[in-house]
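Shared between the two complexes below is chain A, which pairs with chain B and chain C, respectively.
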Partner chain A sequence: MANGLVTPTMPGINWIPIKPATNGALYAAIVQIMMRDKTYNADVLSFPQQKAAEAAGYGAFTNAAYLVIVDENHPNYRKLMRAADAGIDVPEEKTADGMAVQHYVVIDAETNEAAAHTSCDKAVFDYEGEVNGVKVRTGFAMMRDTVNAYTLEEYAEITGVPVAEIERMAKEYTSHGVKVSVNAGAGSTAGVNGFDTPNGREVLRALVGSNQMTGGSFPSGMPNVEGKGAARYDLTTVKGQPGVTTKNATILSRGGKAWEKTDEYKNRVAKGEKDPKPMLEWFTTGTQSDSQALMSVVNQYPYQCKIMMTWMCNVIQATPGAMRDEVVERLKDPAVLPLHIVCDVVIGEMAQVADYIVPDVTQYESFGLPSGGGSYGAEVRWQAKTPETPELEDGSYLCWETLLIDVAKACGLPGWGEDAIPDAEGAMHPFNNAADYYLKAVANLAYADTPVADIDEAEMRLQGLDELPRNFKAAVSEEEWPKVLNVLSRGGRAWPDEYVRGADGRYRFLKPFETYIYNEKRALMTNCYSGKRLPATLGYNPPMFSDLSLMTDHYSVEEFPFTNSEHKPRFRSISMLSNSPIMRDICAHNYLEINKEDAAELGIKDGDTVRAVTPLGDVSEGEAMVRGGQVKGAFSVSFGYGHSNYGAQDIDIDGQVAKGNPAIAAGVRTHQMLDPLVSVDGVLGILSDHDASSPGRCGSMFKIEKA
Partner chain B sequence: MSEKRLGMLIDLALCIGCNACVVACKMENDVPLGCFNTWVESWDVEDGERTRRANVPKQCNHCENPQCVKVCPTGASYVADDGTVQIDAEKCIGCKYCLAACPYQARYATESGMASAADRSK
Partner chain C sequence: MVQANMDRRTFVEALGALGALSIAGVGIGSQPSVAVAAESAFPPPQTGKPVEAKVDPKTGDVSVNEDVIVRYSGCVGCYQSCGNRIKLDRATGRVLGVGGNPYNPSGAVKPLPFEAPLEEAYRSMSYANGAGNLTRGTICGRGNGTLDAVSQPGRITTPLKRAGKRGEGKWKPIGWDQLLKEVTEGGKLFAEIGEDHDIEGFKAVHDTVTPINPEQPDLGPKSNQIIIWNTRADGRRQLNARFAQTFGTVNNFSHNSS
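Moving on to the complex of A and B:
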């Protein structure tokens, strides 16, 4: 169910209950049916490159036809076959970024011979055989194995979705040509097998050829308002920027690097250690992760974090199992974390343990240019009321941006202070306050494509835009100012749909778009504890701990039969607004939501106090809401309740106590278990997805009992 | 009695139970905490094989035949010229008879004991 914009009272909208952490199973079942009935788009799967797809009227291609080396003895086993493996001559070429062009190998559908993917417009996507004496299979053929790992009846058992319903969904999905899509992201990736969610989404979108097609998986977007090439100012390029990347440095959250490639591994092996294991999991293909960074901080691994800054977030509450005494104590300990600065509008759970708290401005007092969401354009959030934080001499206000700017200038960092921001002609402009930055982004928006008109006097007065802080006008040129005001007056800029919809039924600004049916990076990575691998093609990955062993191999599913999910609250904004009397008036607390059949079996009635308990003994206690709108076999809570701070606590400021309001702490939060395999001898490791390192908030094991 | 009959049309098939109307009403009309001029009742509904969600925004309906006016001993509850049902706070003695009489449970008593409900004419 997406974003609260639909509800199952609308005609044609159905809620289909599905057990948490089983998205991979549902996707795999649907793909199994599509492969059985051949209801995928065979043309799209035959395109080995973007230009072939575009020539045929489509917007995207896949690597379904690329050959994979399946010979266990071959040095490139598991990799996509390259031209060299096949004995095919190809030119040595480089891309615009200076990288070597990869020439994969496909079976050309015209000749039935092996060919470089770059010299072929139509390939055979369902193939297994030998090329140049090497055993190969296409990614599509390999996907057939992984989606058929379970029968439809077994997928129905796993997901809780009946076979008839899965068949109906698969039929419906493949009955509309390219004019369908799948939307799944954000919270539904915050599970222990969270990668399955976007993986299946992308495969399903690609299998019907919907990518970049009008009515299908159509990109939203906005003009470039900040980067190099933006209409008036480049807000990204910094002359003299330090060259720190994942190539020459290690990010704290242990992502983007294989364990075996770390300095620690190499050093321990050099010292004679056989098969050393890391204190916490490394994520070969993962990017940054705030939950993993937090755990790196409290474990001082892979290195000590000397300075932590958090802004407008509640990392500890969003990190499964982290909101516990042992973590809080370590965060308070300067020997663990020497300096912790928090910038926020409330003294929340992070600020409570910080060394310094910098007040921030609220969303009515700050700037931002989010995309228009759905259509092409951008909204502008700007300082529409005077901030409540202290005003500084230059007319700016204390906030996150001011903190960054002042610290950067004190440290003499390039790209801040005088001569920091280049305009389109190369002249340099100062960056001394938030307005210096954001108003330039608004100018970029005002001038994107065709510049907007100047605002007229009457509108300017009517909208109170003749009384803006002087910093705003000082940030842009005389010529730009009336156009910037035009955009501020309208809160952004939107282009009509025709601007991005081509007459040919595709996105007007097509970019090369490839979907991995076979994910080579996943195929090659091994787990840092067990050496196990995750499958390279779509399938169901049951919940696992950090060594990729099944949770249900460690703990009895009979004793802990429930799994869990969390969802966005209706009467809070994520973890915020617990301090709103009106919000609490409408809904004082959240509930442990339990399916009515499960509740009946457990003797639980609506309103009973219940406990959800993990195999490690973590207890989440709250009031039961017994309802039909909760899937069987799982319980759910609205996220963001069960605060300890955020105004629930008494605070001593310079000898004066500001009394806390316990009502702010109302409700239940999920006390998730830690990963039992790494959390020994004082190490604290969390449940997480093993590809992206996203927080494993959903998909654990619980028993439920009356308190 | 007025000939004019005002009404609010709410499409229940579109209501998602977000409660934005509840918040807006509270802020606009300075409704005391614990009291609601507008509230939304939501519940799960079994519809054959499917479970659906019902959302029903509720307010004072400014009835054509208002029971709160009928039972009011002081005439504090009355029908105004624009056809809406209003309360004259000066005349209300806080007997709460109208709270019991209203079939929609739209009436509530404030801290001072006086009755109140949606005032649409303002």
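Moving on to the complex of A and C:
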């Protein structure tokens, strides 16, 4: 909520400021109240499987009733109890993708006996006892401990949200059945305890059973336009792939693998090292993180990146703390990074440190079928305008896709060039230009469910669709072409609401939807530096450094009383559009946004130049905006300002210099501190979310002073 | 596969990148045609750009200005995936303006059904639609700001190779065939500016067998030493996954964390 996109000017919206990186505390406080008042949906929590939930008219289930082994001497301590642990015989079954079906253990509500969750429709979700001589508790019962780790008064102190307001939220949230939801994502998850935000969101949704329900947490979705089984073409299956996966290769961002499972750890132990520690943090549950990968590149750990391909992004600026001289200097060094190719429309912070720049097309000149939007269907973005980049003799234009296609063909990769894309009947089609790919996706959209009509001839002429480049028509069949044009003429295809909303109030295309009340993966994860664990149920985890020690154990809250957040800018697009005169006219720069009371105490007036300084001496300097709505004890910065490149710099092409425009560099970016525990002896490591491996953008420590 | 006149073209476009307005020239705009101005029942357009159609507010009759093409597409001012409406000059192909797509539920409260004729879409922009602003497609300020991406002075429209130390800001335009050959074959790519070390190109790194480090086979093969990254959820990054999987790297990153 510190980073939210909801505006207080919307009718019925109350803006309640919250301290950054305390979303977990607010969610835990609300759940504490729900458990106190028993205002959760007890029916929903008793369903141990999707089948049972659906039979009762709901759309989702939880693992609230699954038993957890809490006997410290048991070999499976902290794990969810499996049928074998309970001495229950179950059939051996495999899932569709070949994994063994897991049979968890619950207490059946009818018999009060232990049973496999797969053979139980209603289970006891609040339970503590013994099964087969093993001490167990349900995940729900365990969550009671973690959400009660603080009193409501303490949560109010932590979050900056008054107790009465938390009580009001909890009452309101539980007063509308399934027709409520919680939204949180994006920036609010990019904090040092970022995982707590989506975790709390999911738990709150699950406790009232709002998933896949009309009025609640309703999915949007789109038809299959690319994958196997799409109506006309399969754009994802490629035969003859080399099979390099996370099973036999390590992702550069050090995720998805426990430190003690790495070959490096094993080798160092074999060489006699006791309890070796990695140069940078490993994230057992983190899947991928461009920010961590960037830090891996500059530290050449766990291995060197030889070729970096950067497409229209600004990983340096988007990684808090990374846009500093020490990091940029290493990216400039060919010994650290031998080859860097950037594809973009401007020379931004990444292109500035490139060896080669490939011109890209803009949104008026490119194709794409993004997911998202508010309804079922897909928007189609297409080459509606002739690109400004050079045209090649085969009719394609220089852009990111052309780079990928031509490099892939030069390397002889499967799935590119001739015989690359199978249609629904298995016949193969070429992939030599962007149209070959995207217009086949448009054909899939045109034929999804009920095929659209052919385009009206007059409408085709009206939009000049009879004069499109030759590659377009060649990308699909004669039969498909007029239907593809019809979809292009509308910029996509959206289905009416009734298509996805069943008369019974549920999503018409229900999919199994499970929420973890007890997160077994987190329960088993240990920190690579301290061996500490984070709790497996919802709670508040204060900001921590890489070994899970509290930031406040290292630095004084009295000296550095402020924390921080960043939010999406209204007048930029993430790190982009600062080169847009239209956007700069509306808002020339951003601000350090400070609470009125805080400003009064510090003697800061609106418009003063102020500095936010970290314990490590990083300085963010900008113009103060003293305002209501900003929580006390934290400052906030609109993200994407404070460029050093992107047109702010001089550009010399063949000796002709285009002078940089300082207006593009206007504003301030947060100079976040590095993680002081790993950033020693030349290592550069960022503040991190210890679960998702996301960067710690929000929730650091600062003092604020007048410049 | 490169055009014969590539080198000359490359040079001209490099000049464009140096500060002259690129030819898309949204800021310039074209003057309204005489026909439109004379026949229009509405005040002359304030922006100096032709209107795409006029609608009789009483009868709802639509008459389209055939000098202007209106195409419906998608906006990437952010990642909400709203639709947009692109106005093009039929004669030159220039972008005249951008607005909302009345067929797209993200831009219209009561979106037009897919089957509604284009005439209805023109009418939805007028006072004659009877629905006020509910059906009118709109995009926000950022969506309008995307116009500047096409026409910005600093836009790169030709391949560039660095002509100084990395990060120094010195570039030279090169042809596509040269860029492709250099990045795939590798070699002493910057010998001409005094850097005589060898650089491995894509072909050399494309080794899906030899481990990065024989002591640590879990790091994966050499092909895993390339990174592809982007932050855009604009429907183009699926090809990054295809490239990564077929090249043999797990290092395909998206916007997830930054």
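To be clear about the criterion, the second predicted complex is superposed on the first by the 697 of 707 C-alpha atoms of A that agree within 3 Å, B and C clash if a C-alpha of one lies under 4 Å from a C-alpha of the other, contacts with A are read in each partner's own complex, and residues count from 1 in each chain.
The rule we apply is simple: a residue touches a chain if its C-beta (ideal position, glycine included) is under 8 Å from a C-beta of that chain, and two chains touch if they have at least 3 such contacts.
Remember, it's a predicted structure, so these values are computed and weren't measured experimentally.
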Who does A:Arg627 touch here: chain B (first), chain C (second), both, or neither?
first
Which chain, chain B or chain C, ends up touching more residues of chain A in the combined arrangement?
C
By the touch definition at the top of the document, which applies to A:Ile582: first (chain B), second (chain C), both, or neither?
both
Can A:Trp15 be said to touch chain B (first), chain C (second), both, or neither?
first
After lining up the shared chain so the two structures overlap, which partner does A:Ile686 touch, if you call chain B first and chain C second: first, second, both or neither?
neither
Kindly classify A:Phe571 by the partners it touches after superposition: chain B alone (first), chain C alone (second), both, or neither?
both
So, A:Leu339: does it touch chain B (first), chain C (second), both, or neither?
second
With both complexes superposed on chain A, which partner does A:Cys528 reach: first (chain B), second (chain C), both or neither?
neither
Shared contact residues on chain A for chain B and chain C?
570-571, 581-583, 586
If you look only at chain A, which of its residues touch chain B in the complex?
4-11, 14-15, 17, 570-571, 581-583, 585-586, 627-629
Can you list the residues on chain B that touch chain A in the complex?
12-19, 22-23, 26-27, 33-34, 39, 44-46, 50-55
